[in-house]
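Both complexes shown next keep chain A, but they swap its partner, so chain B is in the first and chain C is in the second.
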Partner chain A sequence: MSALTLRLSESPRQRIDLSAFTPDRLDGASIADIQAIPLWVGNRQVATGDLFEVAGDDVSDIRIASNSDRLDSIGAGMSQGRIQVAGDAGAYLGRGMRGGEIHVSGNASILAGTGMTGGVIRIDGSAGDFLGAALPGDRRGMRGGRIEVRGNAGDRVGDRQRRGTILIAGDAGDYCGSRMGAGTILVLGKTGANTGFGMRRGTLLLGHPPELPPTFNDNGEWDLDVITLLTSSLAELEPPFGTLPQRGKRVRRWLGDLGYGGQGEVLVWS
Partner chain B sequence: MLIKLSGGTLIDPANGIDGEVRDLYIHDGRILHEAPQGERPQKTYDLGGKLVMAGAIDLHTHIGGGKVNIARAMLPDDQRSHPRERTALTRSGGGHAAPSTLAAGYRYAEMGYTSCFEPAIIPTNARQAHMEMADTPMVDTGGYAMLGNDDLLLQLMSEGVSQEVINDYVAWTLHATQCIGIKTVNPGGISAFKFNARELDIDERHPHYPLRPRDIVRTLSRALAELGVPHPLHVHASNLGVPGNHSSTLATIEAAEGFPIHLTHIQFHAYGTEGDRKFSSAGAEIAEAVNHRKNVSIDVGQVMFGQTVTISGDTMHQHANRSHAHPRKWTCMDIECEAGCGVVPFRYKDKNFVNALQWAIGLELFLMVDDPWRVFLTTDHPNGAPFTSYPHLIRLLMDRTFRNEQLAQINPDAAAMSLLGSLERQYSLYEIAIMTRAAPARILGLADRGHLGAGARADITVYRPSDDAERMFGTPMLVFKDGQVVVEEGRITAPVKGSTQVIRPEYDRAIEQRIGKWLDRYHSIGMANFRISDEEMAEGIGSPVEIHACRPRSAA
Partner chain C sequence: MIRNGIEIEDSFAEAFGMNATRLVITALNPRWARIAAETMTGFATSVIGCGAEAGIERELSPDETPDRRPGMSVLLFAMSGKDLEKQVERRVGQCVLTCPTTAIFSGMSSEKPVPLGKNLRFFGDGHQISKLIDGKRYWRIPVMDGEFLCEEMTARRSAVGGGNFLVLARSLPQALAACEHAVEAIRALPSVLLPFPGGIARSGSKVGSKYKALMASTNDAFCPTLRGLVDSRLDAEVGAVLEIVINGLTEADVSEATRVGIDAVCTLGADSGVIRISAGNYGGKLGQYHFHLRELMA
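After this line comes the complex of A and B, so read on.
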């Protein structure tokens, strides 16, 4: 058995929805079946075989190779197995994912991990806006699982997040953790304006002092054992996330957003 | 072009035909019983063994007006999870509870519907509502303008002006808004809500105006009768959804004082307070009242289980129901002091006592009102359920065994409190054809449709007979709109656009002075922009008007 490989033949002018290619949905499919799967490209339907070179037979291990950032919904709804993207991913990476693992070697566009309830998404490059956030109209964003971003993330990281962990090695944009209901966001780089705006509960753990709305209260510096628990649970990951226990457990704590119940906490390593 | 429909079995209650095998011809968009002299049909459909009915008419479905757009905007997930992909002929759309205009028009046609009426057009929003309906393909449309909470009517009535002045105002509203009927929603109650009233029973005085809802119902139903408007006052009664509201529903029927009155989504107004949970069916009392009063017609507003969204002008009761919102978001707003708008998404659950009893009450009303000419098949789309559930509803009415199977699935306490299990009636195809074709056409004054008589508009639906009414009515074999085949085997084969059905009662133009002053003083737009002209309907909005005849004017 060799990994199922989808190599994009030429860069599409329109966006392509790749939600059909998950280990769950391809279970039992032959190469011929996969080549025949119809895909929407803009307003045209095209067979997969006309867009991708398809090879391999192990549908639980899918490799997508592309030089396009227009491949949307990769791994949407998947519950098992592994998808590796060599190149960039489009919007909605791992949307509604329930389990398994996605690895992207390049960047991901907006709304990666939206509505995910389990599994792991690893992005070596940067993520777009609304990482782990709710789709417009949805009341909850990410609800479980873990997202790791080695580069930066855009605005509104974890908007309406409800559970799960988002780890960002680089910087995050404005409104990081906005309208969060629960869950954890870690940002080792800088965060933008209005960090934590509208937070009800949940935790932001930051490497640099944030720019908070005035509706956050400073609680001073604390030694929090929960930081030890959190960082040691990540110890098996690659650096910089795996080496976080070295940072210790002393943090400055802010509580807010007081306009929205004020039970969210922003913790900043001293 | 002459088309022959050969050997179909006609069900045409308007002309008293029940299952007669007969040829029909279609010429210039009209139905003929004989081919014109010397002409031979260019196309013949062999309909041996098939059922031929007029195109169906939905007289109460929320397919236009700002509130549907608000529901669409509030529920993007409704669009996302119910996509309708484009085909070579049709455009993409989507949505289940609040479908896009395109998806709504296509699906209506696929179910054999050819005319749909939006029951709640706020006069100041009429332009937008007609634009939205013009964007709804496949079906002819029309609307009912909302009066009874607008300050001008309440002011005029409080001043004690004569009935003629009210009649003129009502007629002017029909002209200006290009509507075919008048609806009143929680008469006086939406206005009272703005004066901080949270309930207003039929005989309660409005907190500001010296009026009771009863006065508004009487005045408006009388106005329509005197103007000769065929459709009676379309009444969304007081106390929607409130346990024990059957008494105000009965009082509303009395308030019409014998003038024709149509009570809409009456299922939501047929609740008693019996039992441990103080919520019970008053279906029997309401049905008896309807059976005894020939001036009363109803549509049911059947509840079906599943996710939908409730959209209503009745801000008072939408506000009261906001805590039931599912998913948990809602809005209520005033619209230019003319009426309101409340949007509350809702999921009806079969294991929930109240929802299950609502479902049973709707069916009780269908089965206990004897005269199918006075009870109409609606779910108050989307308030009780999306209109896409009509085929399922028809099967519930036609198939007692199926109905009792469904009854066995619902909350057992609700099933035990309902008479439904003991009702043996099964609707016949003839009765279904009455309630979905002949009767709506008659009550709206649409002489040109709802029947298969010579000269009628060739809106025709052909069904393959089946024991499963849901399948039969869900995918008709053929649908003709204005003589053109638009649907074959439940799929669109020719996208078409409809027209707007209106009525034009005479009135004394002197009223325009009073209205014009009112609009200038209090409104956001003046008289010239308020009214929608026939040219604008045809050119700008894209749905030309078809004027239907009024009845002779009765003496005031």
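After this line comes the complex of A and C, so read on.
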């Protein structure tokens, strides 16, 4: 069996919802079935075969090749298998994902990993705003699993995050971890303004001192064994995440947001 | 059967089904990990009076522990899952939570969960922090030396308790020296526990008593000072008998520990003063596991 490959024939002018192409939803489908799946392009429906060159038969290993950033909801709701995107992904990458793995070689647009409860999303490039955050109107963002971003992330990373881990090798934008309820966000680069604004609980682990709202209090420097547990659990990943145990467990700790209970923490490696 | 001049009696040890868990205690240095482990496993020689049988399994190097600090592996046995849960919570709460610099983790996985930090977290009075890492939940409880880190759950499994063998020697010092040698050999093995002081018991018991309130009493057949008064199992040359009681996570662990222990005694030879190796049983009617000495040593 060979991986199911979807190669975009030409870059669309409208956005395309690719949530139909997950290992779960394609289970048992033949290549003809897949080519016949209707996709909305603007206000008209087009068969998948008219938009993509479809090849391969292993629906548990899906490869999407595209030079467009308008392919939305890739891997939405998937619970198993693997999706590899050669190129960029659109919005809502891995929305509501429950398991499996998504790998994007390029960038991902807004709201990647929103509402995900399990699995792994790996983005080699950068991620847009609201990474792992809640959809407008939702009470909770990411609720499990792990997101790895090798590049930078936009604003509002982990907004209303409830559980799970977000790893960012580069920088994060403003309001990183805003309104967070639990979970862990790691940013090895710099963070923007108002980091942790409205945090109730949860952990922000940072490589550089952040610009915090005035409603955070300095808690001093600590050797936290939980940092060892966390970094050891990432040791099998490629650098820079896999080499985090070398940073040790001594951190400067800030507690906040005191306007929202103050049970959250911002840790900065000393 | 005679090994190196020491007779191995055609007898068997009778052991019982128990429930066991393994815990990993870590601390700033090996000294404090040992203090916590010894405190937690204190007063745990027999389920009859202590509620649990517990002891240190072995010392762990930093690269063997979850938080990369020096640690101790501890085994805890109880008669039922419920008893085990109660003992884990009490002992960890009073002896590990209180001990400076320590953290505690599960050292075992199974489908039978036992709360570890699940209820202890409430000591944090609302300031406790939960972290879910690799599918395991940990609790960070603020304490006066920083944070007490503990895993939420450990696990239990069916185990075997009460395996044993008796060392009959010409004198007490000789019996003690032989048993110490056996204990040293057995303690090198994983997954076994010798719950009695120094791994050795002198008060072997029989079922029942002339006193109605007691369910067990002294094993008079092996008491040298009762020779001539009761139906003694001791020859005139036997001056002292000591017992090594063995708990293990599996029947195979207890078998291997018994074999290693008896083998260690036999290597000392008859010149050590050891005359005979026997075992304690209740006629085979009470315990579900039987360890026949001659089969083990064959």
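Quick note on the criterion: the second predicted complex is superposed on the first by the 270 of 270 C-alpha atoms of A that agree within 3 Å, B and C clash if a C-alpha of one lies under 4 Å from a C-alpha of the other, contacts with A are read in each partner's own complex, and residues count from 1 in each chain.
The criterion applied here is as follows: a contact is a pair of C-beta atoms (placed from the backbone, for glycine too) under 8 Å apart; a residue touches a chain by one contact, two chains touch by 3 or more.
These numbers come from a predicted model, not from an experiment.
Overlay on chain A: chain B and chain C fit together in the combined arrangement. Looking at the shared chain after the overlay, A:203 reaches chain C, while chain B stays out of its contact range.
Figure note: vertex chain A, arms to chain B and chain C, all at CA centres after fitting on chain A; angle 110 degrees, rounded to a multiple of 10. Once chain A of one complex is fitted onto chain A of the other, the partner contacts of A:43 are limited to chain B, with no touch recorded for chain C.
In the superposition on chain A, A:228 makes contact with chain C only, not with chain B. Contact with chain B, but none with chain C, is seen for A:138 once the two complexes are overlaid on the shared chain. Touch criterion not met for A:220: it reaches neither chain B nor chain C. Of the two partner chains placed around the shared chain by superposition, chain C is the only one that A:182 touches, whereas chain B remains out of contact. Contact with chain C, but none with chain B, is seen for A:263 once the two complexes are overlaid on the shared chain.
Within the superposed three-chain arrangement, the count of touched residues of chain A is higher for C, of the candidates chain B and chain C.
For the three-chain overlay built from the shared chain A, the minimum Cα spacing from chain B to chain C equals 22 Å. Residues of chain A that touch chain B in their complex: 40, 43, 135-139.
Taken together, the chain B residues at the contact with chain A in this complex read 74-77, 80, 85-86, 92, 327-329.
By the touch criterion given at the top, residues 26, 66-69, 103, 127, 129-134, 138, 140, 146-147, 149 of chain C touch chain A in their complex. Of all the residues in chain A, the ones that touch chain C in their complex are 163, 182, 184, 201, 203, 222-226, 228-230, 232-233, 245, 263, 265.
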